[in-house]
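Next up, some structures in structure tokens.
The following pair of complexes shares a single chain, chain A, combined with chain B in the former and chain C in the latter.
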Partner chain A sequence: MKDRQRLRKSWLEIKTLLNTLVWRLCSSEGEMDDSFQRASLYPTTLLVPGLPANCPLLASWSGPQRLVLFPRPTEGARQWAGLAQVSWDAAQWNSITRRLANQSHGYFLSLHEAGREGEGQSLQGSDILLYSRYFRSALHECVLGLRGRGSSSWEHERQAQVFSTMALVWHLVEILFIEVLPAGCLVKQLVEWVTWAGQERDKKRLKEILGHTPPDSHHGYWRMVYRLVLTGRLSEARNLLAHHSAFSAREDVSHNCSRVWTSCWGRLRWSDPPPPSPEESSNGWQQWRREVTARREAGAFLSLRQLQLLSRCAFVNTHLFPQVLSGEEEVFSEPEIVGSCESWYELMVARVLFTTPLVMSSDYDLVYSAEAAMKTFGVVSPEPLDSLLLAALKHSPLEVVYGAKLAEFLIIEYASSLLAHPSLWQVAMDYLSECPTQGRHHMVLHLERIPLTSARKAAKVLQLCRKFQLKELEESVCRVMAMKELRSGRLGAAFSWCLQSQDSVFAAFLAERYFTSYQTLGEFMDLDLLDNLGAAMLISKKLTFLGKYREFHQLFADGEFRPAGQLLVSLLTSGVVPKRFWLTLLMDSLPLLNLKDEIVFSSEDTVALSHCLQQLTSSHSRIDQSQSTSKSHDSEKAPPPDQSSKLSLLRVALCRNLALATLQEAELS
Partner chain B sequence: MADGSAGTSVAKYVGYKISRVRWKPQPSGAIRPSDVFVAGSWDDKVNRVAVWRYDPSAPPSPPSSPSAPYPSEEGFVEPARVCEVGVEGDVMDLRFVDEERMAVGLSSGSVALLHFRAPQKTITRSRQWDRIHYITTRLQPRPVTAVATSGLTIATGGEDGRINILHPENSAPLRTIENADNAVVTGLVSTMKTELLATSSSGQLKLWDLRAPSVETPSRIMVISGDSHPLRCLDRCPNQPHLVAVGRSNGTVCLWDLRQDKLPVSILSGHTADIWEIQFHRHHPNHLFTCSQDCTLWHWDASPPSPSLSSSLLTSSRLSHRHNPPSSHRATDHAPNSTPWLSGHVKQGKFDVTYLLHDKLPVNSFDVESKHVVCGTDSEMLFLVPNLTFR
Partner chain C sequence: MEGDQPSSMFEAKPINTDHKDLIHDVSYDFYGRRMATCSSDQSVKVWDIGEDGQWRCTSTWKTHSGSVWRVTWAHPEFGQVLATCSFDRTVGVWEEQIGDQKSEAHWVKRTSLVDSRTAVNDVKFAPRHLGLQLASCSTDGQLRIYEAPDVMNLTQWSLNHVLSCRPGTSCLSWNPSTVHSPMIVVGTDDPSTSAATQLLIFGYSEETRSYHVLAVASKDVDIIHLVPSGTDAYHGTKLDVRHPAHFDHQGAQVWRVAWNVTGTNPRLIGRRWLCATLER
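The block that comes next holds the complex of A and B.
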């Protein structure tokens, strides 16, 4: 249980690291790559069109792949006053690599989901292994895709190299960290790891050698034999040896040689099924080793000595074989052996295979072999890949990537590289959402820079905001869209955006715009919207007022005068109506006051209305006074003549209504 | 990925986000279902409309064939690309006008008429109505959002609130409803050739009668009282044209009976985010399909319980995964005056829902033809769910 949890934890660490490795390796591979190195060492000069020559410039980052250029403030005359944006493309995302980005995104999410679901039971090791293999096969497919179709460009080839390197590292990580292998099985996997990448090439070369007549005259013959033996492909090695002209001429030698091989390797059980216990398999190994030594001493390899004689003609030292077989370590520094390996890790695996085949992933033997192999192979200054592999072997997953300590940092970097492409932002957001400390910050930064080219795209961004509970961003997206509509004079569309984010400030602003347009046009815009506000009315006080005021109009139109009057009075007395709209509302009471056969307002209501009117006139006169003191020459401008006539009309109507209502109330009481 | 009432789904990475997929209609009288579909992309540097061929009965292509750069798994048939054409802006909606031509609504405010010639394997642009959706002047185009076709008549709706009526033979719109919506038209469907139903981002469903000489106001407005969630898409029932299903931004499906009041008959909840497309099965109208921003594609089955099944249905709750009994068409499927969608059963939530797909990124579009569903997602994948079964 504890093991599994540890496993899961380390897996998640590694997985996130590896996901980010794409980016890292892109740059690290670049350093290994000659032409790329040239490109990065020598700065590229870019002529920005429209910029005057010799204009001193300053620059500032405006996004992951964007720079904004602006002129440096100088004493002299400004040659240019403006901004220029320079952005560069994310060339690493073409249709083939995008497929990889999407696929690995799927695995990343599936795994995190599985991790969350199985909180109690913890993630099954087999699940992790499954996803790890999915991931590697996606990488492999990507490499095939990049190299396929015959039209492999320089850029594609570079990417293919990056991804196959990734596959190599990832494979090793999988063997060491994810698969829990019994003793004796690790070495088998390591051999597979080391031969997997070069498999196709070896096959091709083998075919070439066998096609040569005689095969042993091919310059790569003995190197191939060594390679096959060192990577444990013994039947193939035997087969190749049998094609040697000397063997085919002398039956007995070939036969004898084959017998020795068979008897030696038949005893070594390092393949399926795994040995029952490490002790047993260890015993088996020791036995085998003793037998080989004994046979050598008894001269059983005499035929091989003859082989050595033969090979002396081809300048190859075949006497190495028995030494190799009996695990004499010095042999791994013989130039022939070293020369037949293509990399230090091939040499390391050969060494492990023949010296400590029962090694476990946590054994120090592995690291020792690796370091020895590196030394023999002459790796003086390890390149990024070398340090990566060594770190993996040293069992320090966090250092697998350059000793970087923060997985989160790498995820963010990877997400940023995804964001450099205009259409991978959804994938990037899911990665960022898995970063507990910095993720949200970056999400907001990137999301608010996504161009909202259509309402549908905005809706998708909004949905992400809701999913990740980015309330402020949700409001800002709606506001950006609403402002865009507002500038085009489409109040209704702006309003629907505003309702989506329940933005009270903007709702108040729009409500006022609606009322102002009503005041000037004499009728409401977007009636269908206003009539169906429902609970949305409560977002803002002004919106409530607008909705209620519209309700008043509807009641009035339906002939429901009394409820309409009540609503009007409650609107005016509740304080939700800004004072500048009072006159409009009071004027609306006029037809109700002047009804012939019905008294709508009680005496109390009438008093309330009169009070409002009084407040309005007194505030008007206050404004007049202040205006007359400041601008005495302009004092006769307020109140406007039509307004004062309106006010007097109202006053008359109110007085009349008050009289009638008082009379009626008196009669009733 | 698929379970429930369908065969194994086939996924195909295409390298761009897909906004719309549509099966090419078969010529009338054809017995075989269509094996050609088109897919439109969005949000890319260069967007395109591609024609694909998918024939599940064909033998799988050998892995090394040049048309399939990635070796397909053994026994699976992958769709193969036939041809494609670039378009300016995102593909917002796409509908076939006849067997060869399709109207494509673009985010550039233009509508393109594309012509696919099967024998030559080519797709070309035969006409384009440039920037017919705009604010004030054509210098400020707004995205087209919805395309509906009825015969050769094309109706397009846009973010500018306009509805344009087009004909393939006319270079100018036949007519324009200037202020069809004060917000954004989100979905269009034509009913009975002369009527047009439109959904809006302000939560309204409007019925337009195109017979009137000048259309300025809708003949009906239907709403959900006190609820202004944007409507996203709609479809009408093929055999009960008065039944309209609408998908909303909050993931609910509203069913309206156009013969009744302006309020919906029932509101079915299910998805957790915007429903992007909704479709009744053309031949089995008791079956409804929806795809959503929540990354799923659902199959809703409202077939009324047969007497033998009724006891088991009493215990089955919503969202249960009913195993597929042998396909049988009950008389109720074709009864002229009843549909289970308006019955009490559906209101009480007695219907089955099956996930046809659960992806990692939003499912933008799908199309059901006969027994096969094709669907396009933001994870740059085409999914084919073959061999649906209908009770």
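The block that comes next holds the complex of A and C.
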């Protein structure tokens, strides 16, 4: 008891924060109907254990459907320095429900594929029906899975309840809108609908009753008989009645009864095959009804009533049976009839079965029966399920008014809830891609937040980016991965990520880094990447330079001095190379200048090289002068002593070469 | 679902941080897999989520010489970068360095921005598409916007804009939207006077290359809806402030401001706002 009190003391409400969350979800959708928004504002109160009492809270978003709370510093919370993490909807995705999500995802995609293949034609009704049935079977499988787990937790039972309700509603929708059969068949489908959910339970009860000797002594005997009649299972009802102790005693009564039942059953017009035309089936039904009424008035069922008088203790009105069969409306308000139905829609179906069996889904009769049944059953404040079923029967205007907008909103909501589980993100993206107006926007927002925990996952994200042409996101993902590699010093891997997205800005940056590392290390790292750049070289000028520079080194190593020299000069004069790398390139020209037997550079080339050298030295001296007066803006510093010796070496070599080259050219001309 | 029973949909679990004093801010990285907490004990702790869903502290270090008010992450495109602001009037920018072993990770200070003359109350990085920019607001009402022109060199930051608000700026938020021009909302409240709390929204105009006030909202501000209504003198979008939802709180202090995901409605959470629900 004490614990509970203590727990209660430390509970705090984050009601308004969640309110804001729901508001945010609604308002970001743009113009939604006011009433719809209000309906979605579910203020949720959450009791958070562990936080100090009477303390204001602050919160921070931690991820999809995850929040972290901590107390706002006040005097009272002085001693408490902790956090509470709150997450919701994560538990709903266990292995069974995930399977359902994946299966339904498959059907969703197939339906859309089939729709696209049709090229503008609307989807074939048979296709929709097929997938509807697949979906229902998947739901059923899920419910069985949730309930079949040995000791199922409260959470599983709640989920199973939700899904079985979903299956119920969907079945009705399928009957009313998808599989539209001719008159007279609807009622058969409705009967099937109502009995499908309770099949197992009914079978069990029937077995239990028959197991009793005599069966009519079981307290649920008459209720079962009524149920069987109300759901049109007349032969089973007859069988059950035949087990009545009174019948077995008196052969003649049993025989009589049996004959009456058989004749009635035989005339029932909704057995197979379905009637050829509405008029014929209507006539057939009217005729049957007349006959039943006639027999009733003639006292054919008298024997049953007599039996009833014999077994006084039963207190059962068996004269209700003929009334039911002849479709008198008042009988459906009788307490025994109402009492043998599990829910109002069972009563509704029974009523429709016997009063208006030829009803079509568009008739108002259905709605009328539904409302009457609800009233009789005593449903005062309808639950969500009741309103949903009624709305379906009424061909609710919701769809008519909101149309595609509502559908899209719901898909987006569902996709967002899928993201609560890390393995379902791809499923969510597929759903979002099918939303024409807002899907793309949401997709980008969610996709950029998918944690790139491995190269494989990043590759999957990139695949989606390319599929939906999300160029900016593709670049961003590649940059993030490249930065990760860069931090670990793997420049080559960073490069490969960058090249995947053809990101020229980042490529330029990486090329510079690469060159800087070459300058410090004195050698190239990850050579094979550079050698196999190919066409990718062209995405950035700096990358082109790097590729060409590598080519220069290769030429030099192969002994092709002249082409190497030409390449070097072209690189320096093209303006591709930033100034800070000039010295390195000029130093590379030194061995070429000092070749004993070959003159690599022509006089023009030598002049060009000297010009570059001159620019370099003058900028250095400018830096020297300005350094004393202001802060240096660039990263250039005054040349250290060894650099000035390099410069003088170059000057000497260039002058020598110029002299030799001029002489050679003069000789040749 | 109203009621005082915990819904099974929700899970709550405590995290023990071992901070020696009050926690002032918790911030998550872009993917929600790393967390940073800052405290009056002048330190920042960085946490990583493990495979088992538990948070583990991977770094803790002293960042300032006063209480650290806020901590914020930069977009992962710029690497693993944090910014902190403190009562000691400075903003610190930190980068994670990976040692030789993967488990060794320590945070290095890249720069300290010391332009403010009073305590710095909030610091936030700009959205990724604006590059590497940082905004900070101080108690004397100055909003400073910095930029690092070279994203790889975190030691160089230039102070691009200084905007004046009323004294007592306590929080700021960048508009994350990529379709609008840059926008910042700043919350001010001056507890010493009885003047109402205020929200100022600054927008950037390409023409003047500066920020100017787009809209002002005050009094019972909680959820506001910004609607473009023509252009102002700077050819920026003028915004109309509408209040679709009012909540009753008098004299609320501005604690936090946040934009919604698409960047069109900033929200404000005030202190009294939270207290009101508790007093029930």
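Basically, the second predicted complex is superposed on the first by the 558 of 669 C-alpha atoms of A that agree within 3 Å, B and C clash if a C-alpha of one lies under 4 Å from a C-alpha of the other, contacts with A are read in each partner's own complex, and residues count from 1 in each chain.
Just so it is clear, a contact is a pair of C-beta atoms (placed from the backbone, for glycine too) under 8 Å apart; a residue touches a chain by one contact, two chains touch by 3 or more.
Because the structure is a prediction, the values reported are computed rather than measured.
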Touched partner set for A:K471, first chain B, second chain C, both or neither: neither
Touched partner set for A:F70, first chain B, second chain C, both or neither: second
First, second, both or neither for A:L452, with chain B first and chain C second: second
Partner chain in contact with A:R580 - chain B first, chain C second, else both or neither: neither
Contacts of A:S488 with chain B and chain C, given as first, second, both or neither: both
Residue contacts with chain A in the superposition, chain B compared against chain C: C
Which superposed partner A:V427 touches (first chain B, second chain C, both, neither): first
Intersection of chain A interface sets (partners chain B, chain C): 453, 488
Touching residues on chain A, where the partner in the complex is chain B: 94-96, 98-99, 102-103, 105-106, 109-110, 141, 144-145, 148-149, 422-423, 426-427, 430, 453-457, 459-460, 463, 466-467, 488-493, 495-496, 499-500, 525-526, 528-529, 532-536
Chain A - residues contacting chain C, complex: 11-13, 15-17, 20, 23-24, 27-28, 42-51, 54-58, 60-64, 66, 68, 70-73, 77-78, 81-92, 154-155, 158, 441, 445, 448-453, 472, 476, 479-480, 483, 486-488, 509, 513
Residues of chain B that touch chain A when the two form their complex: 13, 15-17, 43-45, 66, 69-70, 90, 92, 107, 135-136, 140, 143, 145, 159-161, 181-184, 186, 200-204, 221, 223, 225-228, 230, 249, 273-274, 293, 360-362, 378-381
Residues of chain C defined as touching chain A within the complex: 1-28, 30-33, 35, 37, 39-40, 55, 76-80, 96, 98, 128-129, 151-152, 223, 225, 244-245, 247, 255-256, 260-262, 264-265, 267, 269, 271, 273-275, 277-278, 280
